[in-house]
Structure formats: C-alpha cells, structure tokens
Amino acid sequence: MVDSVEIGMGRTARKSYGLGDVSIVPSRRTRSSSKVSTSWQIDAYRFALPMLTHPSDAISSPRVINEVGRLGGLGVLNAEGLWARYADPEAALARILEKSSDDEAEGLLAGSVDLLQELYAAPVDPDLLKQVIVDLKAAGNTVAVRVSPQNAASLTPVVVAAGIDMLVIQGTIVSAEHVEKGGEPLNLKSFIADQDVPVIVGGCSNYQSATHLMRTGAAGVIVGYGAGSTTTTNEVLGIDVPMATAIADAAAARRSYLDETGGRYVHVIADGDLQTSADVVKAIACGADAVMLGEQLTAAEEVPGQGFYWVSAASHPQLPRGHVSYCGGADVPLETLLLGPASTTLGDTNIFGALRRAMAKTGYSDLKEFQKVELSVQG
Amino acid sequence: MVDSVEIGMGRTARKSYGLGDVSIVPSRRTRSSSKVSTSWQIDAYRFALPMLTHPSDAISSPRVINEVGRLGGLGVLNAEGLWARYADPEAALARILEKSSDDEAEGLLAGSVDLLQELYAAPVDPDLLKQVIVDLKAAGNTVAVRVSPQNAASLTPVVVAAGIDMLVIQGTIVSAEHVEKGGEPLNLKSFIADQDVPVIVGGCSNYQSATHLMRTGAAGVIVGYGAGSTTTTNEVLGIDVPMATAIADAAAARRSYLDETGGRYVHVIADGDLQTSADVVKAIACGADAVMLGEQLTAAEEVPGQGFYWVSAASHPQLPRGHVSYCGGADVPLETLLLGPASTTLGDTNIFGALRRAMAKTGYSDLKEFQKVELSVQG
Amino acid sequence: MVDSVEIGMGRTARKSYGLGDVSIVPSRRTRSSSKVSTSWQIDAYRFALPMLTHPSDAISSPRVINEVGRLGGLGVLNAEGLWARYADPEAALARILEKSSDDEAEGLLAGSVDLLQELYAAPVDPDLLKQVIVDLKAAGNTVAVRVSPQNAASLTPVVVAAGIDMLVIQGTIVSAEHVEKGGEPLNLKSFIADQDVPVIVGGCSNYQSATHLMRTGAAGVIVGYGAGSTTTTNEVLGIDVPMATAIADAAAARRSYLDETGGRYVHVIADGDLQTSADVVKAIACGADAVMLGEQLTAAEEVPGQGFYWVSAASHPQLPRGHVSYCGGADVPLETLLLGPASTTLGDTNIFGALRRAMAKTGYSDLKEFQKVELSVQG
Amino acid sequence: MVDSVEIGMGRTARKSYGLGDVSIVPSRRTRSSSKVSTSWQIDAYRFALPMLTHPSDAISSPRVINEVGRLGGLGVLNAEGLWARYADPEAALARILEKSSDDEAEGLLAGSVDLLQELYAAPVDPDLLKQVIVDLKAAGNTVAVRVSPQNAASLTPVVVAAGIDMLVIQGTIVSAEHVEKGGEPLNLKSFIADQDVPVIVGGCSNYQSATHLMRTGAAGVIVGYGAGSTTTTNEVLGIDVPMATAIADAAAARRSYLDETGGRYVHVIADGDLQTSADVVKAIACGADAVMLGEQLTAAEEVPGQGFYWVSAASHPQLPRGHVSYCGGADVPLETLLLGPASTTLGDTNIFGALRRAMAKTGYSDLKEFQKVELSVQG
C-alpha cells in the first residue's frame, strides 16, 4: 500500500520523499553517546562504522582505502578506475585537476567531460589492477572492488584471483537480468552463485528492483546511484531516486525476503543524496544498514581529487550524466571528517560522531534499533 | 475521477502537475539502448524521432526543416511567419536580432515587442509561401505547415495547393467550435473533414478540450501552447497548462475516443514546458506520442534566431504574451543536439539518445510501452 | 465543509490558497474577445470596468479619480488622506517622495515611517475635504469616499453633506461589531441603516466575517486588506488572508446571504495580492465581483506617488504594518495600463484587456458566468 | 490521531508544521487593543509579558535581566555562562566579539567555535555565580537560573542557596530519564520533587516527550531547543522540531495531564523558530503559554552580544551545533523592542504590542482564549 496521486485522468504517480524531506523527532528517553554502538557486520566482516566509499577515483584511492580501513570503514576500489588503467595514475589525475581548475575559474561546467572520456577510454590493465589489490591486502585491509555490470564477467576473475574479500557490482541502475543486444545477458543470479566472495550489487530504486537484486543471492544491495551536486541523471534522463522512499522500500524488500527465505538478511546500502552528517543519520533512520560516501569525502585532505569530484557516469562517451565540480575544501584529515572532533558546524565533519549523538538523543543503542526512530515530514 | 482541493467553501480546483513535478522510477529489468526504438508513425508518415518543430520563426526556417527531416523528425513551417511575409526574410530577422541583442545588453525584456508587431503586420504573400513549400517538397521533405485558426480558411487552400503533406492548425488555445463576432465561426469538424491531408490541431489543455478536438477528425492534437521561458500567458491571463496533467488527460481522451470510435487513434503531441531531454522523456512517459520542440532548439547552430527565441503570441498587437529572449548558445550542430554524442551534461544535447537510454534503463523497447513507465512525484 | 490539516494533536488549521496558487484551465469552446463584457453594476451605478482604486494617497488623487472614472472604473478618495489634511497636499507628497527616494538609494526600508506618522497626524480639515468632493462631483464623477471605522461616525456626515454617491468604510480588519474601550462601539448595522448612500465595508477574511459584514446592510464587502509588496501585516501580526480562499469564502457567504434574504446580492470586492493582470483574472474567477487596485496603479504616469506606494497602516503611530517602497515605473498612461494596448508582456498593462481575453479563451461572456471557470492548483 | 504519510512501504512519517507554515485568520468581532491582556502567571509569579529570555550569554546578561524584569518579562541567567565562569566576563565577551567581527568580515561561519570551546571550558566558579544571583535579587528581580541536565545535580544547590525563585533545567533535548554511562542517571522526577522552587524543564519535541516531562512535576516545559539562524542541529543531527506541531502537541499533553492529575496545569514555553513578532503571536496561537526569546533580542542596544548571537550547543567540544553570527542591529532600546512604539515595519520591534493587536483584531482578550484562534496553512 503506497501513497499515490493522480497526475491526470487514469495516470497515477507514487508520492516519494528525499532525505531532505524528512527529519528525526526525539520522543523517548535519551542516553549517553558513549552507550551507543555504530558497528556494522556484513557476512564475516565487521566494521566500526557503517560506511563504504563510493568507488569514484576522486576520493577512493589506495591511500584513502587504507585510511578508511584504519578508521573502521570499508573503502571500495574501482576496478575500472585510473589505478587500473595507468601505471602512473597520478599523472592522469593531475590532468583532470588542472583542466577542472581552469574550467572552474571560467565557470565552465562540462569542460572536463572530453578529458574524462579520453582518460577512461584507456584499457584496464589486469596486472596493474592485481598489484593494487595485492598491496591493499598486504596492508591488512578488507578489500572490496567494484566492477561494472558490463565488465563483471571479464574482470571478476582477475580481481578474485588477486585475493579480494568482497565484490561490488555497481552501475547507475542495475537489474537482475539485463537484456543485451546480440551477446548473452549477464545473469546476475548464476553469476553471483558462482562467486566465493560475498557480493554487493546495485543501484536499485524501489521495492521491486530491490527484491529482484536480493534474489540474486547478493549479501548487500545498493540503493540509489550516488546522486549529488555533480550528477545530472535527473536532468538528462528524467530518472530520479528520492532516497528516503527508495531506502524505506528496500528495507521493506529486506523484510519480505527475510521471510521468504526463512532468514537471509540482505544489507541495504544507501548511495546518494548524502550531503551532511544529518543525511547519513536519516539514511540509517529510513532503513539503511550502511551508507556509501562519495562527495562528502571531498573535504578530506587525503583524497586524490583535492576537492573536485566526479562519478563514473560523467565519462560516458555518448551521454555523460555528470561533470567534474569543486565540492569541498580537501583541508580536513579524514579522521576528523569521520570521527571528529568537528571543526565545523554544518554537518560536514565528525559524521559518525553526529550519528552516534543523534542515536543517543533519541534513545537508541544500535543501528538496527535506530531504523525505527520516529520521522516527520514538513507539511 | 480526478484529485481536487477545496480552495474555499464550495469552490474546488483540480490538482495538477508540471513535468518538473514528476520523475521516472526504474523498476524492471534493464535492456541495451540498442534494443530500443523511438520511431513514431502518424497517418502514413513514419519518423525515426517522435518530434516536430514548434512553428516559431526563431527556429523553424526552411534550412532547419530540411535538416530536421534528414535527422528523422518533422519540421513545421509557419504559414504566417517571416518566410511567408518577406521576399527577404533574413533582413527582417536581422532587425529582430539586432534590436534584441541591444535590449538584452540593456536588460530590457519587452523591448522588441513593437518591432515584432510591426514585422508581423505585413501581409502574407501567397506566392512566397507557395515557393517555400515547393522548395521543401523538392528537397524530399515530408512538409507540414502551420496556420492559425483565424487564417485557416483563407490560407489552407494556398498551402494545400502547394503540395503540403500535413496541416497544423495551431493557436495558444483552440476549441472545436469558436464563437466569432459577426462572421461565421470556424467549424473545425467540417473544415477538417474537407481536407485531403491529415490535420494536427491544438493546443488544448485537458480531457474535455482534447476530446472535443479529437472529435473534429484530426490525426493529432497538440497539448499545451509552447510555454517556456519567453512566454508569459500565465502572468498575463492567469491561464496555465501544467503539462504532466494535461498530457495524461489527453492520453485518457485518446483511450476514450479510441473506444468510442472503435479504433481511431489520435496522436497526442506535447508542446510546452520542455527544457531538457528529461522533459522530453517525461512528456512521453505521461502519455505523449511525440513532442514539439521550440526553445530547446535555440542551442543549434543552424537556427535562424541565433539563440534568441519568440513565439507567435509575442507579436500580438493588443496583448503580447511573450517576448524575445536569448535562450541558447546556437553553437551545437542540430545533429548533436538531437542524436548526440552529448557535448554537455545537463540534458541539452543528445536529446533522443537520452530518451533511448531512459527507455533502456527502465526496460521498455518502444514509445507506446514506455507510456506506462512508473512515475513518482516528490511529496 | 472545508479542507483542514491537523498541525498537532487536537489542533487543526484550514488549508488555504493565494491567487498565486491557482491557475485557470480552458476547457470549453472559445469566443471572440469582442463578444465579452466586463461591465459591473453595484446599486444604481454601472461601470465598464469591475474596479475601484484602493484609497492610498500614493495613487488615488483627485486627478487619478477623474481619469479612472473617464476610463470606466471607480476611484475612491481617502477622507483621511493628504488631500483632506493639507491645503497644499502636493507639498506633503513632495516630502514623502524626497525622503523615500533617499531611503531607496540607501536601501532603507522603513525610513519614511516617521515622516508618514508626522504627516498623517495633522487633523482632517472638513472644508478641504468637502471641496475635493464637490470638485469631483462637478467633474461628473460617481464619487466614492473612504472613511476608517474609527472616524466613520465623525466624518460620514461631512462627506455625505458634500454629496458623495457611495461610502467606503475600510480598515485592515473590520468586524460588524467592534468592542471599544470606554466609548460606544461603532454598530455598523445601525450606522449603515442610517445612511442614504450605498455603503461598501471591509476588509474581511473568511465566510463568517464576510457573512457578518453582509448582514450590516452593506452593498458590497471588501475581502482582504490590500496586501502587497509594501505591507507587512503578515510579518508583524501573523495575520494573513490567502486571497483565493478568502474570495471563494466570501462568494459562498454571498450565496448564503442571497438565500437568507430572498434576494439581496452583496458585492464581493477583492483587495490584496493583485500584482498582475493574471491576478485580477483569478480574483474574478475565484468569485469576486470587482477588484480594488492599488500597487498595480503605481506604473501609471498620472499617479501622485510617482511609482512609490504606501497604505494607511504604514502610518500607524504605534505599530506600522507597511512602508513606502518604489513599486512601479510611473511611465505608462493610465489608459494603457487599464485598457491597452499593452506596452509590456508581463501582465502590468492592458489589465482589463487581459481579463477580456481570458474570458474569451475560456468561453465566458460576462463576469458572473466567469466566476465558474475551471481552476487548478499545482500539486 | 495525527496526519502521517507513508514515505516508503511500511514506513510512515508524521506531517508536521513550522510557525512559518501557519497564519492567523480573523473571523470574529474585533476589539480595542486596550481591552486586551497579555499577562502570564506561572506558580506564584505574575508577568505582564509572556516571555523569558533564552539563557544565551549573547543576550541574557545581568543588565538585560534587570531591564526585562522592569518591562514585565522574566530574564533567565545561565548558571554555566560567562558570568559564572569569569570574574571579568566582559573581557571574555570582548574576545568573542572581536573574533566574530573578523570572521564575519571574512565570511567565515564557524571561525569562533574554537574560541567558544576554549572560553566555556573554564570551570564555573560558585562564588561568582552566587554573587550575580544575589545582585539580581537585590535589584528586586524574580530570579530564574538555567542549569544543564549534566550539571543540575552539582549546580542546583549553589543557585538555590543563593536565593533563586525559579530553576530552569535546559538542554537541547531533555528526557525524563537519561541513561548515563557508568554513573547514575539524573532522575528528573525525584530531583524536581526535592526542590522547593518551581522548575521549568526542556526542551521536548512532541506529545510523548512533553507528557514525560510534565510527569516530573515541573511547573513548565520548554518546547524546542532555540532553533534559529545560528543553530545547525538540523544539518548536523537530522533532528528538527517543527514548532507549530510541537507546541500544539505539548498543549495536547497539557490537557491530558490536567485531566490525569485532576487539575495540575503545566505551562508550555516555546523556544525556537521565533524570528518576528508574528512568530510570537503564532506560538501563543498554537498553544504556548509563553515564549523564550533569544535571537530576536539581539536587536536591543542593551544586549552584551552587540548583535552577535550564539547558543550553548555552539560551544560543544566534540560536535558544535551552531556558530556565532551577526543577527541584529543592537540599536533599539529593549523597551522599544518589547513594548514599542515600533521603529520598524517588519515585526522586529514592539513585539508584545503586535501580540496585543493581533489578539484585538481577532477578538480575544486574554492569552488562554487566544490559543483557540483560527489558523490556516497555505496549501
């Protein structure tokens, strides 16, 4: 039973809500922040923080993955990113940053798109990719690697052989069965069944699509496509995923699937519309088990993008749905950004301290309980 | 059954929605863009792209009509435009552009209205009009020509004699029967019955008015009046046509009329509120068979307006409802604008590539099916 | 039966709508503008235009009242304005304009309030007031004069003796019975019964208050308090009168009162939220019989305020609810502003031509019928 | 029975409203302002004005508390503010103002947070605190002092011994029973039972939390956490308290608790979202017995912050939820600000004159009656 409106005679539309539309209402006893746990476990892996990095080259470099791991989260390496295509990824990165700084100065929005297209047209080098994974493993990380649905079949053997712990199959919109021209479609169900590592897959956008992805045997599904200030999927395709609704729907799918399978719990990971610590809090409150952070990490001084951000869809050769934009200061240690103490007052630092405190103010002691917190929408 | 609210005691208003109010929600399997068809057939004419040009002199010159035809769409010539009034339309155009550039520099909004009124007061020259049509035919185009309801009776014989393939009778608001002062009203039903070419007529704004126009025997009805950033019908008359609602209503009228006639399918053509490729996608999703593009084409380097845009209502002698404004860059080939690859990231180029991809992401293979895609409105 | 929401447990609020929230939807046959009548008759007086002037000294000078009368409307003189207080009202006016121009240049909003308070503290001179009325009569005008509820008892004999045709008792919020400290309250019912001229009274804001005012025996009631860009009643008092709802409510009261009295028709006059010709159209569409124009007239070259505007409440000695602001160009003849042809495209000129055309586009031939036109609110 | 929406499948959210969402609708007879009383009595204390000061050091200095008392309101001293920590509070204040002026000039938002953290880390000096209280008593004030929930146990004996008349236990979100790490939780019920002075406690945010606080035996509960332009709880924690809904909910709790106890009336004090006199009016209209003014008082020339404002949460060492910002002119006597005559037109001066007039315009003679005034929300 969902709320809908009739936009015209005989044509209905679902009423849906973004994270900015909802707020949290304290209504129970409070508790001390120190009595709150933000820990998250997926498959055999336990994390102090319920977070993954969005596999954007602007933020998710090997250095950042190491640091995020040290702080209690899970960095995700893009198997199709600059580190997998160039022996000297820093040089490619430098070209993007130089061009984008010039564009920014001139107010050009889509100026770097040609360059992104050129740089991401270079082939993935399996040996480079393997070496990055081996190094991350050697540093003691839980290693998660993202492949696109298009390249999942060819790249997965490479990254698995290199010893990854978790596989992330991620495109903007991923369906359980993709109808491909000519060649075979990727049957996610049989593909995932063949893997020995747990798989996270997405993005999806509502109950049906989340349910279908859960039935592939994935350990986690991603809700959303990393929408943020640099993405333009809404302007280009008219497709939008209001995150509060999409997360709540996926959480409902998680419950149904748990019942259907007699106990398989598939994690819901929110990716998109996350601008502040408040948005992270609300994503969990709407039903997410963890969040995927992208644009929010541009403020960290360790990130490769030095404050600039872009997503994979921005380098699409025919229809880029995003651009390179300056988002953050790149002047705060990642540790401050994630764990505080906050150096700012607008929800951009001490993100998980804010989550902890919001849980304390509303009287919840763990994330699973906090998914029941009372919500309001302004009328 | 439509949603309505009581604005005051005993006075209700219909709840209605613009294209900006709705979004598309992917909920099925995805498919490859290459397995999607955007083709559109009206009467005996088949087009690769479901589009017409709005008959504004700012964009719909003979040159552009030729090029749009080559690319798979249908250009519409205004039988009451500069090409029908002046042996040297370029000179008239040059005056508009010079005045408008000066106004733009000074921040004057309605500065060119006097000039438009003057230029469009010149009489239509039947010989000039015929010659343009003959040339367009000779170039191999399907030729569609727009006449106003006021001049339909006098101009239609001229354009039909010149060999047009399709007639477009278009005003801002057109009704099946117009009550005229003194003289005879134009009875659209008998008028259209007398024509040998298929007729498209509009604009209309809801179920009743769309139904009435369908009953005239038209092959297609236009929904909306080309509302955009240069039109001010809303500010002047208080009349507004929220396009998502109007298109869905007209689609409902199409279904009823199909049933009423045992099979006559009247095409619904959306004209207004179209700013981005996303808007084109949403118009089809709401039920349109095709879209009429105006302001969006100002970005093309081939258009006569060189980035400036105006509609017929802007030259009204007593009550202009629009002005000449600079809308676009006029710096992208029409082919790039319609078919890509996109040179920008905000939905202003590769418009029909975006439509194709949105259909693919939501799992639909033709336009008719895509009219059923799931919609959402943000709460 | 009105729509309401529960803002908190056990506390409801009425859902209400401003003119900007509603639009007009054409759904019938169209007709020629020339077959439309905008004429309005109240008591024995018939006007070509359904309009009064708001009795602000910024626009409603004797000169403007003469010109409005010539064009078919009804100017209202403020019996407590500068023309009734000063033998040389132009000098007082000049001081306001000079101070306000200086304030405007410095960005000061409330700078002229002290001066207004000082100027309006001067006593009304009955002889001056009488002379203005006598002159207006002599020029052939239907003469309407506004008194405040506070001064109705003392000033009415003066203006009636001078020969007015209509009395307007107007404050921001006027009730049928006012509880006064110490002295006697003004009992509007007995007061109006004692007058030989028809009385218009207001403002009121909903069904109950409109009904009460109708029962005083008034010929017309004013809905609203002239809210516009220079008034701040909402910010100061928290009182707001969303005009679409208030007008529709007053129209419902008119129907009930018509039934209750077996045929007394009390006119509903909308005063507030009128920025464009579209707003005038919508006010009639919501149920008003006529509109009171204030701020919109500042664009006329004949008005005394030379583009500046202020209302009576701005000169309140303890709690001014408005200020003097520059609103218009003062560069268009009043005739153009009211009757066209339009020299602009944003609904600020040819106001009643726009009303006429909106009626034509929606197929209505007189104002009373047009009160039934279909409305929409955007969802 | 509350209005709610389904934001996703199986997940509802309460519809809630801010003060800016509601307006007041006059619908009864009017009365003279002079026949209106704004007096407020809590426990044995009677005030001409229904107001307290928010215990921010930016506005609630001993000097201001004296002046507010003289004018008929109740100033609240922060027992953990600069006057309790520094023998020379003016010097500490001067450092904040100097730093904040520099930050303001540079557009830095959170620049002063470090300094606030440093200054508020100094220990409270019981002797200094006692002396301030003794001086305020000596000046004839009703003395109310605020302590935080964390320090209530340790500081209350100090301030009670110094002779306070009323105790305010105030944090952003306060619950009746707080779960503390390690040590004993503060049991508000037994704590308040032990006090000889009446206690005001808060903030709370809805029916449940208000009810729980009422059951502690408090004389008044605070609704909200002083949200304003300098607070960022919403951005940091995702917690928001839409004040119209929260006040109405607390008023419902007051009615239930009155019934439950057979007659104990607990006062509802609104703290937050108060920008103009209109907001004060609306807070009472929604059900508040009194308001707590903070940011609005920055315009007074007597306040220590000289136009800058900050709240306690802005000095939090780990997660500041606010900053120091310039809010007002600091150029109007407090008497003008509270009692008029208004020197401005936007609801920032003569706050309680505006309340008085709004009551008069709607026909109510005391605050308790005015809580029933008709409200509207714009649709």
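So that you can tell them apart, the chains are marked A, B, C and D in the order they are listed, and the count of residues begins at 1 in each.
By our rule, a residue touches a chain if its C-beta (ideal position, glycine included) is under 8 Å from a C-beta of that chain, and two chains touch if they have at least 3 such contacts.
No experiment lies behind these values; they were computed from the predicted model shown.
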Chain pair, B-D or C-D, that carries the greater number of C-beta contacts = C-D
Roughly how far apart in rotation are chain A and chain B when fitted on CA atoms, stated in degrees to the nearest 5?
-> 90
Residue numbers at the chain B-chain C contact, same meaning over half shared and different meaning under half, come out as different
Copy of A-D's interface among A-B, A-C or B-D, judged by over half the contact pairs being the same?
-> A-B
Expressed in whole Å, how far the mean CA point of chain C lies from that of chain D is 40
For chain B and chain D, what's the span in angstrom between their mean Cα positions?
-> 57
Quick one: which residues in chain A touch 2 or more of the other chains?
-> 3, 5, 7, 15-17, 21, 245, 377, 379
Think of each chain as a node with edges to the chains it touches; is that a line, ring, star, complete or other?
-> complete
Within the complex, chain D is touched by chain A residues 1-3, 15-17, 21-32, 34-35, 207, 244-249, 251-252, 255, 276-279, 281-282, 285-287, 340-347, 350, 353-354, 357-358, 361-363, 374-379
Please name which positions on chain D make contact with chain B in the complex.
-> 5, 7, 379
Residue ranges of chain A touching chain B (in the complex, touch as defined) = 3, 5-18, 21, 109-110, 113, 172-181, 205-206, 208-209, 212, 232, 234-242, 245, 314, 317-323, 377
